[in-house]
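Chain IDs A, B, C, D and E follow the sequence of writing; residue 1 opens each chain.
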Amino acid sequence: MKYLLQRIAFYLFTAWAAITLNFFIPRMVPGDPVQALITKYQGQLSSQAIDSLYVLFGLDKDKSVWEEYVDYWSQLLHGDLGLSFTFFPTPVSEIISTSLPWTLLLVGITTIISFFLGTGLGVLAGWRRGSWADGLLPVTTFLSSVPYFWLGIIAIYLLTGPDSFFPSSGGFDNGLVPAWDQYFIPNALKHSLLPALTILISSVSGWILSMRNMMVTVASEDYITVAHAKGLSDRRVAMSYAARNALLPNVSGFALSLGFIVGGTLLVEIVFSYPGIGFQLFQALGAQDYPLMQGVFLIITISVLVANLIADVAYLLLDPRTRKEG
Amino acid sequence: ACGDSPNANKDASNSKGADFLSIGMPNGTVSENNNPFVGTSAGASLGYRWTIYEPLGMWNNVKPADPAKPWLASDIKWAADYKALDVTIRDNATWSDGQKLTAEDVAYTFNLIKSNEALNIFAIPFDQITVDGSKVKITFKTSQFTTWHKIISQIPIVPKHLWEKISDPATDPIKTPVGSGPYTLKTFSQQGIVLERRESGYWQDKPAIKELRYTSYTDNNAQTTALATGQSEWSFVFIPSYQQTFVAKDPEHFKVWAPGVLGIHGLYINTTQKPFDDPALRRAMNKVVNRADIFNQAEASYFHPELKSVTGLPEGAGDAFITEAYKGQTLAVDVDGAKKILTDAGYKLEGTTLKDKAGKPVTIKLSDPAPWSDYQTTLEIIKSNLAEIGIAATVEKPNQNVWDQNVQKGDFGAVMRWTNGGSTPFDIYQTVMDGDLLKPIGTAAQQGNFGRFKSPEATAALKAYANATSDADRTTALAAIQKVFVEQAPMLPVGSDNVGGAYSTKNWVGWPSDSDPYAPMQPTQSGALDVIMHLKPASS
Amino acid sequence: MTIPTSSIEQVIPGQGSMAQPESGKPAKAKRQRFRFVTNKKAATGLIMLSIYVLFAIIGPWIAPYEPDARSNDLIQSPSGAHWLGTTHLGQDVFSQLLVGTRSVMFVGFVAGIVATVLSVIIGVTAGYLGGKTDEGLSALSNVFLVIPALPLIIIITSTLESAEDWLIALVIGLTSWSWNARVLRAQTLSLRRRDFVDAARATGEKTWRVIVFELMPNLTAVIASGFVGTVIFAVLSEITLAFIGVTSSTTWNWGTILFWAQGQQALAQEAWWWFIPAGLAIALLGTALSLINFGIDEFVSPRLRSVGKTKIKTVDGRTVRMRIGFTPVLSNSPAPHTQASPTPVVRKEVTQ
Amino acid sequence: MSKPVLEIRNLNVEYGLGDQAVRAVRDVNLTLHRGEVLGLAGESGSGKSTLAYGMTRLLPPPGVITGGQVLYHPEQGEAYDVLGLSDRDLRAFRWAETAIVFQGAMNSLNPVHKISTQLTDVLRAHRPEMSEAACNDRAREMLKLVGIAADRMDAYPHQLSGGMRQRVMIGMALILQPQVVIMDEPTTALDVVMQRQILSQLIELRERLGFSVVFITHDLSLLVEFSNRIAIMYGGRIVEEAPAAAIYRDSLHPYSKGLLGSFPALRGPRRELTGIPGSPPDLKGMPSGCSFHPRCPKAFDPCSGNIPVLGRPDTPDGPTRSVACWLHPTEQPVG
Amino acid sequence: MTSIPDAKAPAGEVVLEAIGLTKHFPVRRKLRDLFSNRKDVVHAVDDVNLTLHRGKVVALVGESGSGKSTIARLLAQLYPRTGGDIRLHDESTRVRGGAAFRRYCSRVQMIFQDPFASLNPTHTIRYHLTRALKIHGNAGRTAADLDVALTELLERVQLTPPERYLDKFPHELSGGQRQRVAIARALGARPEALLADEPVSMLDVSIRLGVLNLLRDLRDRLNLAILYITHDIASARYFADQTMVMYAGRMVEGGDSETVTQSPAHPYTKLLIHSAPDPDRLTGISEAEGEDAGNGEPPSLIHPPTGCRFHPRCPVAMERCRTDLPVPLEIGDAPGHWAACWLYDREEVSQ
């Protein structure tokens, strides 16, 4: 309990520091959103529009950074993330809420699958050393070093086309409306296959390796020998004794990787035109849309922290040693 | 079980002869905003606002000098000094909620813009707006000769009875748009926006296409892929090697049409930096730029049509505006000519290095943001072109924000950039040479004249052109402008903008073409509505 | 970014319960330190890496063409004249690849060094000094851990006037030290409990000397593995930045090649030679670095070493596998291995 | 002397293969009799643990058994070779017939499972017919046997003190009533008070349940007090084996003498302590002949040339003991 | 200059003295403590008096966790003390680093329990010893001086020939050799007092004796004051002049070694001596059964028992033991033999 409380205090501090950083960093970027918008439209938007845009975005009023910072916090505490510039006047929260689920579903589920698959294979490779599973390692090492945007682009080139099963981009077919029905779900799944595969291929090996190494380390602990000496079945020793303990250090790694979901897979979303939050962030960066940038960063920060909190709790549940009652 | 699902009738969509048209733009994600006045709205970015809200008239960018085609206005009349406009509103137009469209609505729209700075994106100096039956009279504080097409064709008319109730028209996302156009919004999602044909009440014959499906692709690559696979049937996007990557995929149906318009791309030279303040040097540079190479290698042989005229005006759209003096004079690579100009002006070409009058080697920094690959390629070509007369150029790729700021503050050697465009060459020349826009180095010049070009004649002539009351005056002023442009070469014109598009005739035919350039072919232009009205099913 | 795979890092969770170092067996000493080169994986990795380093050094000299030089061979497939074909401007892809190696290696290593130095300073100091210093420094590294690195790098890079290679390297280095710092802190915490640290203090060593001369040499493997991990991350980041076009660098790197290739839709144009080699170069460099990291891991924790021979033949010809819990029995004949010697002839009289 | 339960015949264990192999146990012959406590002593690295794990095939890689037999005599029926059992039979054999208690109980208990789970685990594997409740009852019973309140059933290992954990391990070892309990330095991590408590308890249990114990430690004085017979190992071999009292009073091998002379005595007159000069042998470069000869104060010619065989010495109590030393010519090789 | 132990000071002079030495380690606070404002501490060492004389060995015995190492570290000034005083040559010292700390540790040196852990695996023996010499200015001026000093040090700990060991790494030496190096390093400072924290417990039985003999030899030759910490009471008898017994952070008995081990006074000492393995007591003859078997758990040091800390386990505990903290009481059987036990209170005895 004390442990959890400490963690929470730590999270609050980290959140504050990260949010503050998030506030200031975008403001260091030269230029302003109006210019960025004009530039984005390269001649499609005539330069007479500049004045009206400043008025529209509310950038015509002079405010000190400090005042903005205070305003930002008071807005934030009211749950208001401000209005996006790129999608003016859509509230940032609305943009995030439409794109976040996509990222969570695609990358989140993929990360989870990757973790479980990798951990499973790692358990095998670590437990049955010298068997075929060990031969997997060099291949996965190579695959994990492949930049996944590159892999994704090749996959699009090779696997998509007019008659291909795999769509080349997007989260679902145009014309469909997100809904939980038999038209939309399979379609969305189909669209997520390629990007998911790309992420899976390049991320699974990390888990295999770390799990394998932990298995190997744990396998030489005394209690494993005792378990064997007790005459337990191989399966029971491998799962309940070895894998159970080897998993512990990986839990915090998993939490961190959950946190990296949003930031780390930005490129997959770009390459596959996936309507997720990473892509929103990328757009916001280009357009100097700081409300949106801050919003996305906030989400990322919070998700990292929540993931860590979950990991802490999971750790607490998985490792009785951290549960110090007395 | 899911009969009430909005997707219920969608699963067979691709199999039977299509009754919809898929339109795509490489604009990244969009958010649900159909406000026709807001440039950041999905409606504006994808162009579907024009199928819901209509303008008074249709102006054809491809033939900018032609008068506007009446649309909501049955008659459009400008005063000779372009300070007053009389329009007659057609009486058979209705809003999609069934109400009648009247002159009151038109006057309301213009008043809305006039009183709302944030909505007045063209900065039009409205004066008086009066209604007289089906007629509306609008007066302006200055001549609108160079901006008339914006007023007529780029201001969507909105229903007064609904907009009156909106508290802040500039920020309202107008989730359920009601307009006078032939389509209404059916569904909106991140991946696509579907518009449905109005089955009754439209003032013309209803269009053949039942449904318009707009998709915003994340980037050019995604959009191109979608075009090549047939997922997208119409788009405006830069396709490298379009013959191979797009047309070749289905040569029978996949087409590209890219007519030039009165808006150009060129190399802005910072005329305050020595020795580039010397017109002779700039002229010499102008003579070595290989526009054909740029057109073919950087612009994929279509995207920015090659500029031929020395006046920097594109073929077709610009023809009507080339003054007598320069008719037939074309830009051509002439290295020897360039060298001659240089030696005459006192430069020395020593080996592969050009030395200026002070004996210093001439070097220049070319810069553009990295993601604009066509500009980047252009700069690479210009770099090697300039090397031929001994100018050592380096290409820099500052990020877009830095680049923007540098361009505005005059902190650059030379950049590839666009000009404003319009119905006359005024916008082009103004962006390049207008002394009124001139700002000292270090102060942001937001509207134009980034090269800090100082020419009182040009400034005066531009003013004269904009405010002239007769064609003769305009011709004289234009001649003066072009003379400065050609002789001083403040900017080296390279290619023109285009209002074309890539399209597929598999399902729909009737697209504009060189032989019948009835409208611009860009899905985001108001003229796109005209195109949609022209399309007919390919099968019948 | 991917989670570094180094097991050393994985052994250390947030709390110390499993953070014990290999107890009993003292860490290998200096002379043995270079022995890790004899590790097959490490050796392979080092050889691959040295080829890259070589190209980074001599690449620009041996490149057959100027990477920028345009020619009239537009989008040519690989040939004798252009080993890896040409771009849409007729530039030689092979030369671009060669010349680009330098920038990639430079950024990777500089960023690696910057991040490593920072992580050592912050991690080791925090771990050694403990208390308030530790709390402050830990909080700092946690904040950096929470902020997603790649987007942060993108933002910071886009504030830069001109993003030269060394600036990019600096940015990457300054933003990616936190994970290593955390690992180092945990390691230091467990090292600090070892007696030799106290022994050094009791001898009268100054604090900085204890940190630099007593602790750090024992952390070399961890530091090295962190360094290698950061290099991988930095290389991928630089390439990503170049690929999405945020960097303004005028120098070539593999990301720039990919950027151009993607901008011109090389694959759609069937110009695979423009797109594939650069990616492979990245993947192989990453593989080389990962292999080195495995080598370090196995060096630090010998248990991880893949067992040389896992199958052995018994006396009666069966093959058995070595595994935990069931020791292979090669022969169960009760005959002694050493033959009993005959009783010695001379018997010494012993007086007890 | 009572019947044997476990006979080790010429057991050879190596770490690694080929030239690099370390021969950690060499031609060891040892007999454990029913109901006795057999002490195994020797300095660190002499191969005590290797022998203990080797005879149950629990050595981790790269350990391999290169030869020998371990004959197990069940209470009824024929003796069989443990090393020849199939995996399945071996699993069934383990814990039911031989149980092991290790040095550190913290390390032998899985930190993430409750001790009840770890106790009943064994029952579930070996007595699948037992009901859940019966398993729990049995576990509780065992805890009571070793003096731990049944309410600690649901504790995790870290919640128990070192002594309690070791008791849990002992309880776990006895849960299937095995014939043989192997204890590898079971008390070195505990302090003397606790050590005595646990050992006394164990001896008492042995008297009640009648199992045999192999007790490994390097603390000779402890062994002398608690075991019936003692075997001394040096360099992978057994150099002397005799009843505890005999070893204490009159050890024959110079190494055993040296070991005994290294302990200061707490009671009685202050003895002169001699110690053993030199340092323990390196198993990779074992001296020729008797591996102790470089350190042996009484070494003479044959010692460096020939390996002495473990055999009955020609002393009055010869039949009860054996020694491998050229000083004590053997009558017949043991085994 | 550092003081070189020589005949200047008479043997038996007090070198280092601890008076009422106390060390409490703060415990990480629990949630409820945040509200109750209570601060828990580990009472690792409480009110300990200890005197080290020149040329004498004092043994400190006690079970694991009784605070022996803490005392050593306090005396070496590696921990700040909570209370009490440490007097070096009758001068109160409290150093926290810097030059004062160096000056202190050049006179008081410590040897650690585990020679495998107390030498840095990445440095050679030469490095270890050179540092010890240099820090305390005993390295001489030239490289030759240094070599001489190194040789002398190694010879002193009987690692001969010195050249063979100088350039080795710790892992290349056996445990006994390592512990000798550790001792040499301590000697490099030319200290007056040596704090040996279980110097042989990690060593193999056969080599323990060598190290202990070395220490005894150093005591005699260099006239060192040695604190010998061990949990093996038999070795205290063998090696130390005086023996002190600790229980749960407090001294419970002290006196000359022979007396303490042969006629222990405090019930805890008795228990300890009774529990020590005794080869003469053969299997099964555990006559002491029942005398103390059950209550084997050492007490919590966070909330130590009131009164005498041993009372919960004490077979002869009286009412008074539960409440009153026993003071050191003279036993009377041998000079200087005392025990902190109410059993030896004169009034109690007379009753």
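We take it that a residue touches a chain if its C-beta (ideal position, glycine included) is under 8 Å from a C-beta of that chain, and two chains touch if they have at least 3 such contacts.
Quick caveat: nothing in here was measured; it's all calculated off a predicted structure.
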item	value
With chain C removed from consideration, the chain sets that still hold together	one piece
Each chain counted as touching chain A and chain E at once	C, D
Length of the line joining the C-alpha centres of chain A and chain B, rounded to whole Å	38
Interchain centroid distance [CA atoms averaged], chain B/chain D, Å	91
Separation of chain B from chain E, taking each centre as the mean of its C-alpha atoms, in whole Å	89
CA centroid of chain A to CA centroid of chain D, Å	54
Residue list for chain D, restricted to those that touch at least two other chains	53, 58, 60, 90, 111
Interface hub residues of chain A, defined as touching at least two other chains	29-30, 156, 219-220, 225, 227-228, 248, 270, 319, 321
Where chain E touches two or more other chains at once, by residue number	none
Complex contacts: residues of chain D adjacent to chain E	37, 43-44, 147, 161, 163, 190-197, 200-201, 203, 207, 218-222, 224-228, 244-245, 248, 258-259, 262-268, 270, 273-276, 279-280
Chain C to chain A touching residues, read off their complex	1-5, 7, 9-15, 17-18, 139, 142-143, 145-152, 154-156, 158-159, 232, 236, 239-240, 243-244, 246, 258, 262, 267-268, 275-276, 278-279, 282-287, 289-291, 294, 297, 301, 303-304, 306-307, 310-311, 321-326
Sites on chain D touched by chain C in the complex	9-10, 12, 17, 26-27, 53-54, 57-69, 81, 83-84, 87, 90, 111, 298, 300-302, 305-309, 326-327, 329-330, 333
Touch list for chain B against partner chain A, complex	2, 5-8, 10-11, 13, 20, 22, 28-33, 35, 38-42, 117-123, 150, 170-173, 187, 189-192, 194, 213-215, 217-219, 222, 225-226, 228-231, 249, 263, 265, 400-402, 404-405, 408, 418-422, 427, 431, 446-448, 497, 524
Contacting residues of chain D [partner chain A, same complex]	53, 56, 58, 60, 90-96, 99-100, 102, 104, 107-114, 121-122, 125-126, 156, 158-159, 172
